[in-house]
Structure formats: structure tokens, C-alpha cells
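Same chain, two partners: chain A is paired with chain B first, then with chain C.
So, the complex of A and B:
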């Protein structure tokens, strides 16, 4: 276990290092990427631009620029080029919103997909199964920015059943918090519900024909116990694994569109805004954070996998 | 033996499955009885319907495509067509089953003791501690070394032979009256096979349970069974005691089966003896005797189905489905009685 943790930590450092270099390089080769020109405002003079270059260190060698920027990442002094606000604080402000969205949506899609998938498998080939299959395919085919916008417009703006975007702090009013998040959770979860219920259905149908399920039946167990203890328990192992990875991906940028559509002002929306401005420091910081989440959740998933399936050993 | 009603009485059992290739008649009129302490071997090639027969007794072949006919009485309970909740009380508690492949028949992510405890608690509702004590005791009884520690192992931590012992412990955990073993030794190597069979026989002696053992291995049969039913293409073609079948086989298919046993103490043959041809497709079986196309002794009468009946006056329990006269058969049998893979026992009848 200790070896596993050390190795994963080492891997995390490597991944984040590579990600930071790539992000930094990409923004340096993008046409029109010179931040000094854009920071100088409209119709700047060459002197003004030069002054900004010197002040922010844009005239330095790219290696030096990278090292300076990364030092700021670790000391927390990173500033946006355009708003000049500290990046760390902005991310910390957005993180609870992104986490609220991601955790709620992940729980929702897992719960609903488990019910749909199991029910579909038990009714395989019948009407209910076909109906759920079509629903799942529709869910998979709907882009989140489209279904999100529709939900926001019809249920939020027109019908007024739900708030029209926005976010309320959990600590201020938990009910209002959930009320504001119902639409974003649903919009984000729909795609995953489609995928997960299809996957669970096929896993359950595979598992149901396993010899040990026949043994369980020969033991005289109730159908319910057979389905839960023996079929579902074994069918869920790969899905729980996938769940962890997808959760990491949602935290690492998968929720950008949802946050933007529902104006949640989370990390995703901050990223989207910063990319639009070619604002390197926030994008770099958020990318590092995303890489961290993904590598971290990968490790968590591996530990969970070893726990769920004793045949797997961590090494 | 026939004074009291038999433990298990199967009459005219038929099982068919609707498939895309037509209706598959897997079991076609199988009847047998079983008294306490009996060991019945059901023998036949793959696809002869032997596994389907025994699994049907426990309702394990039920599916939307399956059709069942006939009766199977177990101590006053009719098993065929019984509602699931009635059957559920029989499964594991009254009739228990040991499956063919111990590598896949145990839940890979559940500790072995827990798999046994689960069954005990389902049927007897014992508290955890007592159920566990019984599980460990059972594991000891079937010869799992250091049972107390190993009870918390997962199946993958045990060898094939040990897993089959766990399966046996599981089957015995509620003291069933009928133990069904579906090819219990097929997946195991030869030395382990003997130990497992020895174990099953001891358990029969200890508990007085009746045993049905399904196998295609005649060595297993000779080792453990009292009676044999030979199945071919869904029908019993011959049944009798082990001595009768081994020393005076009546059906040409049985001759073929017995002739297929190779012996290391005989001169090596150029080719391994085998029955020519293939078993018929169960969706499209030949008219009359199903063995007809492969039988070198076929004659006109074979196109009608021969009834399963006793044809030897001195062996009323020895029945077969072959139209040939017994005297004719003895002349045509290529292997002499007593020469068929089993040494003549003292006082064997013939």
C-alpha cells in the first residue's frame, strides 16, 4: 500500500509537470497570443506595450517565464493577466460550486442508472427494456449545452418552476442550494445515465449466466438476494471504477458547459471565460487542478477496485 | 427397499426448449426412483440430457423458452411446476447440488464461509456466530485443512480440489436428503477425483442421503454408484445395478460406452475405441430408436421406439430399450462379460 501511494504520488508530479509545460507552450504558440498587446488596451503605443512586457516579464526567455509562473503557482501569487485578480482566490471561490454540481450529478446518475440498468436487464427483450433503451440512446445523443439551455428556458425562465440559473451557498440555505442545482444536476447526469444504464444492463445480463449465480439459486436464496448480493454486486465492479474516473473528468473540465449554461460561476465557467481571453495564469492553474483530480481519482479508483474485487492486488 | 415410498419419484419427465433452430427435446420421458442411501449414476455423452434432467428437479432449467411435462415427487412435494417459493425451500435444504466446475461455481468476491453461512441462514435463520461455527465445522468435515483460518479465504485463494470441497460443504450445510452431483470430478485431476468421490461416499454413509451422480466417466460410476441409468439423446436406454450394466450390458450404446474405456493393462490398440458417428441433434432426432444411425446391429423393428422394459427374466430391475433378443445380444456383444473395464466381482450375476 505504501509503495502504491508513493508510486502514485510520483506519477502525479510527472503528469502535472507535463501538463503545465504543454499548457504553457500552447498559449505561447497561439497566434495573437501576446498578452502585452491585449493588456495594453485599445490603440496602444509601442512604448506602452513595451512597458507592460517589461513589467510582467513577457520579454524574458520562455524558460524563465515558465519558471517564474510556476513559482507563483506554488506561492499562490498567480494573477490573472486581465483582471489582475489572484487566481487562487478565484478558484477557491468557484470550487464549492463545481464540487456541488459534480457530486450531486454523480450521485444522481449512479442511482438512476443502477435502477434503469437493473430493471432493463430483468425485463430484457420486453417492452420496458426497449423503452428504456430508446430513452438511454436519446439521453446519450443530447448535448448538455442544448438540453441544459432548453431546461433552463422552459422550466426556469418560462414556467418558473425552477430558478433561472444562479447558485446559493449550501451553508446559507441547503434547500435553496439543492433547488438551484436540480436542473444543472439533471442536465449533467442525463448523458451519464444513458451510458451507465446501458453498461449495467449488459453487465447484469452477462453475470446472470455465471455459474455462481446458478449456485446461488440452487442454495434456495430469494430472487431479491440473488439479484443484489450475487448479480448486482459483481456487475457493479467495473461501473464503480468508471464512476470514479468520470467523476474526476467532470471535476477536471467536464462540467464547463453545464456551469456556463446555468451561470453557476464555478471553476468550469472561470476556465471557459479565461480561455476566451487567452488568459494564461488561470488556465494553467485550472488545468493543473484538473490533472490533479484525475490522477488522484485514478488512484482512489484503483484502491476501491482492490477493495471490491479481492482478486486484484495493489502493487 | 420398495416397502416405503421412495424419497424421490420421477415419472415421465420431459423437458424441451424452444430455440431458433427448432424445439430441442433435451429430456424425453425419464423415470426413476431414489430411496434414502441410494447412489444412482446417470451416465451418457455430452448433450444426452443428463444434466438437464437433474437440474430440472431443482427448477434450475426454468426459463421462458422451457416446457416441462411429467412428475417429480419429493416427499409429497411435486417439484415440476411448483411455485418458486415452494421450490426455494427445497433447494439447498432438501435437495442440494454440487456443480461441475468449482472454479466458476463459487462467487469470486465473497468469502467461502460467507457463501455457506448465507445458505444456512436462508433456511434455518441461525444467528451469525452459530452459522459460522457450522460452516467451519462443515469445511473441516470435507477435509479443508486449517478450516478456521481458511474460512475467510476467497475462492481464488484455493485450489480446484479445495474449491470442490467447499462446494460439497455448501451442499451439505443444511443436511439435504438428496445430493445431486453434476460431474463433480470432471474439472479436477485424477488424484483429487478419487478423494472427492471418497468424500461423497462417506457422506452418504454418514447422513444416509440419497445421491445422484451425473457423469460421463465410467470409472467414477464403478467407484461410487449402486445403480446406473444410461442416457442417450434425452432417453434412458438402459438401467440396472452396477454389476448388471458392467457385466451384462443389454443396449448396444452401453456396449459402446464400456468399450470406449482404455486399459493400461491390455495391449495397446492401434486406435482408441470409439462409437462411430455423432449423437443426434436434439432438435431433429431419428425416428424410433435414437441410437439407430450409429448402431451396427440395426434392423427393421428399430424404426419404432423400443419401450424401456426388463428383458431378462432373472434380472427384473435391469431394463433396456433395445429390440434385440437377449440371447442375440450376448452373441453379438464384441466384448465378453467381465472383460469390460471392470474386474469381475465375487458372486457377480450373469
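So, the complex of A and C:
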């Protein structure tokens, strides 16, 4: 087990290294034009561009450039050329908000999708199943920022049932915190509810025909017990894996659209604002951070799997 | 089986005759699939709806010239329009644009510049659909090539391709799209002798195509890996078939149903990603219309003119939903057990 963990973590470091190279290429090499000019954003002065060229070493060879960029990322020297604020601090400030959004939404979508998927599978082919399938399909066909904006306008602004965007610190008032996050949680969860409930439905339908389910039924277990203990438990395994990965993706900036629409001022919105200004350093930092979350949670999921299923360790 | 035939020659003839009489038509998987799809009324309805939407968007110039009498980028800030015999400003003095008039001119209202929303919706649909379909095509072709190469040659080629896909896959879709979009927005892209301008529609197409490659190439590779161990591939190899022939005439046809299902899913997701990128300012550049840029412009003004948000989003929803339902039907018809998933 220890050997597997070490090997998996080593692999993770390798992937992160490759990710950093790709990120570097995206921002500094692939695009046409002078990287210093791009880094300086809209309407820079000649002096600014020259200073940036000097600072990032854009005249040097490409390996030196890469090392310079990475050193800036790790020492926290990265700063926006618009606000002059350090990127690292801005991200840390937004992280609790993004975490609040991601955790609540992840719990919500898992809970609702489990209910929907299970019910849909038990009523397979009947009206309820078809209805839920259509609902799920509508859920995955909507842009999250669109439904978010509509919810914010109609339920928040017009009807006044919910606050119209904004964020309240959890430590200040937990109830107000949740109240402000209900709409963002829902908007973000809709898409995933669609995916997960459909996936769970098909998994349950597969599991129901397994021999051990028939055995359980032959033993005379109650239908409820069979469904929960035998069918649901086994159908959930691939979904829990996905859950880990999707949570990482949402945390690493997948919530960029939701945050922007609801004005949550988290990492995602910071990114969105930087994009609007064509401010490269923050986008570069968030891209790396996002990839890190995904790669890290991927490794965690793999290690958890290896712990649960010894066969995986030997592969 | 009636009387015992006298000789083998006779037996053969009798057998052939019987075969002629009770000819069982061989039904291939495609025909079976088509038959199943034809029975799926819901999928057919949505497939038809999608075709209708495409035709509508293609007919955008017709609507613009014949009905609305204006172009997608023409401003009417100071113009007036007659609704129910009453003359109204297209854009009121306080800057609030007119809502749906349900008549030829400004059928779905105007936006903040006094542009006709219906005309922009149709022209924007052309861009959104063009981006969706082209990006999906590029992703599909590249994924097939990468998946075939990796799965077939294994070894060193496989390791390299898999590493590349793993790295691409490590980025959240929207973030990678945004990063590429931002990086390419100012200077454009130079690929050898070709230079693409930063405001070209080719930029979002290429970005979206690239971002989705790992989601399709990985499963294709997996299928190729299992297909190449099948007996018919061994038989072809025994007959002396080279790797190219095995790949294209033995393995590829067996991937067809997967590819088709992925292709429809990719169109839907590419349209959604285009909207997301445009919303964030890293996709289609204004004033070019696309459903994403229209929603983006609408959300800024949702409090005074909600129709600017509702209309393009609803159109997008109906389009993507129709592709998803139809794609679902195709998948059920061709390969009911396939588990295909794309995420954003």
C-alpha cells in the first residue's frame, strides 16, 4: 500500500510538471505577438512593456523563461498589472467563498441526484422515469450562468424571496450565509443533478440483475433493504469517484460562471474579472491552481480505491 | 425435413431451394438501430426540431431582408417603430430598449443599441451552430486519429499520447478554454505560415475542439485496445493485412456507433462551451453575435430588459436539448449499453 501511495504521488508530481509546462506554453509561446505586450494588458505604455520584458526575461531562452515564470508562481511574486495587487493574496481571499459554494453545491447535487436516480430506476419505463429523464436532460442542456441569472432576477430581485447576489461570511452569521448561497448552490447543482441521476439510474439498472441481488431477494430480505444495502451501495461506487473529481473541478474554477452571476467574489469571479481585463498573471495562476486541484483529487480517489480494492495496487 | 435425398448433390440443391424459399434477410446492426430509432417518437421529434432550428438560422438573411428590414449589427438608437398603431421609440430615452413587438420589425424586441433581437438571434445561431458543429468535427477526427494510433501501436506511441491526453484532461474544461481564449485574444495564433486574427471565429472553434479531445480520445483508445484483441483482427493479420488496413477497415467500422454518439454529444457541449466562453469574454468577439455574447450583453441589463437574457438562453436551451434528446435516442438505438459522458 505504501509503495502504491508513493508511486501515485510521484505520478502526480510528474503530471503537475507537465501541466505547468503546458500552461507556460499557452501563455508565453503559442500565441502570436509579444508576450510582454500581452502581459501588460490593454493600452500599456512602452516603459511598462519594457519593464515586464525585463522582469519576466522574455529575451532569454525558453528554459530560463519557464523557470522564471514558475519561480514567480511559487514565491508569490505574481502580480496583476492592472490592480498592482499580488495574485496569491487575492486567490486566498476568494478561496473560502469558492469553498462554501463548492461544498454546499456538491452535497446538494449528490443528495438530489441519488433520490432522482434511484426513484427513476425503480420506476424504469413508467411515467415518473420518463419525466425525471426529461428533467435531467433539460438540466444538462442549460448554461449555468443563464439559469443563474434568471433565478437571481426573478426569485431574488423581483420576487424578493432570496437575496440578490452577494456573500455573507460563515463566521459572521451562518444562517445568512446559507440564505445567500441557496440560489448559487441550486444553479450550480442543476447540471450535475442531470448527469449524476442519469448515471445512477443506469448503474442501478445494471446492478439489479446481478446474482447477489437475486440471492438477497431469495433470502427474503425486504425490498427496501435490498435496494439500499445491495443495489444502491454498489451502484454508488463509480459515482462517488466522479464526485471527487467534479468537486476538484468546481473548486479549481469550475464555478467561475456561477460566482460571476451571483457576485460571490470568489476565485472564479476573480478569474472572470481578470479575463475581462485580459490580465494574464491571475489567469495563469488560477489555471495552474485548477489543474492542481483536479490532479490532487484524482490521486486521492485512486489511493482510496486502492485501499478499498487490493487488486488495483498490483496493476 | 421431408424425404432423405439420394446424393449430396441433390441435398445441396434441396438446401439451396429451401434457402431461396425462406430467405431470411440479414439485418445489420445499422438497420436494426434505424428501426429502433424510428420507433422512438420523442427522439425523432427532437431530431426534427433541431433540423428546423438549423434551417431557421440558415435563413437568417431572409428574415433580416424580407421581414425585419435590418441587419444584425445595425443600430436603431433614435428610430421609432409602430406597434398597434402607436409610435414607440426603439430605445426609450432612459436607455431601456423595446420588448417583443410580435410583428415583423423587432419581433423579439431590441437590445441596448437598438439592434433587432430576432435578427441577431438568427445570425447568432449561425455562429453558435457553426462553432458547435465544426469544433465537434475537429474533435472527433483528432480523437479518432489519436485513439487509433495509441490503441493500435501501444508501447511508446501510446505512452506519449496518453500522457498528452492526461495533461489536457487535468484542466477544468472552462478554465482551459478561458486560458487559451485569453492568450489568443490579443495577438491571434500563428501556425507555421497561417496566421489567425484574435477576433476570428476560428479561435473559439479551435479552442473548443482542443479542450474536448481527451474526453473522446480516451474512450476511443480503450475501445481500440479491446477491439485489436478480437478474433477478426487476428484473422485479418493472418491474411497479411498491414496496420493501416486493420485500423481502417477492421477496427474503425466497429467504432462507428461510439463515434456517432460522441459526435452528437460534442455538438451539444461545444455550443454550451461557446456560450460560457463568450459570456466570460474569451469566445466570440462582439459585435459578432452568438447566443453566448447575446446572453452576456443581456445579463448586464437583466433588471430593465429581461427579454435580452431570456430569448437567447431559451433558444440555446431548446437547441442543446434537442441535440441531447436525439443523441440519447441514437445511443439507445445503436448501443443501449454504452455509457458516454462528457462534462463541462
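The working rule: the second predicted complex is superposed on the first by the 266 of 315 C-alpha atoms of A that agree within 3 Å, B and C clash if a C-alpha of one lies under 4 Å from a C-alpha of the other, contacts with A are read in each partner's own complex, and residues count from 1 in each chain.
In the analysis below, a contact is a pair of C-beta atoms (placed from the backbone, for glycine too) under 8 Å apart; a residue touches a chain by one contact, two chains touch by 3 or more.
If you're wondering where the values come from, they're calculated on a predicted model, not measured in any experiment.
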Touching partner for A:230 - first (chain B), second (chain C), both, neither: first
Which of chain B and chain C A:222 touches, first, second, both or neither: first
Touched partner set for A:23, first chain B, second chain C, both or neither: second
Partner chain(s) touched by A:309 [first = chain B, second = chain C, both, neither]: first
First, second, both or neither for A:290, with chain B first and chain C second: second
Between chain B and chain C, more extensive residue contact with chain A: C
Shared chain A surface residues [contacts with chain B and with chain C]: none
Chain A contact footprint on chain B (complex, rising order): 58, 60, 84, 88-93, 96-97, 99, 101, 104-110, 118-119, 122-123, 154, 156, 167, 170
Residues on chain A engaged by chain B in the complex (per definition of touch): 210-212, 214-223, 225, 229-230, 233-234, 237, 308-311
For the chain A and chain C complex, residues of the former touching the latter: 15, 18-19, 22-23, 26-27, 30-34, 37-38, 134, 137-138, 140-147, 149-150, 152-153, 157, 191, 195, 199, 202, 246, 249, 252-254, 256-257, 260-261, 271-272, 275-276, 278, 280, 283-284, 286-287, 290-291, 294-295, 298
Complex contact set, residues of chain C against chain A: 163, 166-168, 170-176, 178-190, 195, 268, 272, 275-276, 279-282, 292, 295, 298-299, 302-303, 306, 309-310, 313, 316-317, 320-321, 324-325, 328, 339, 341, 343-344
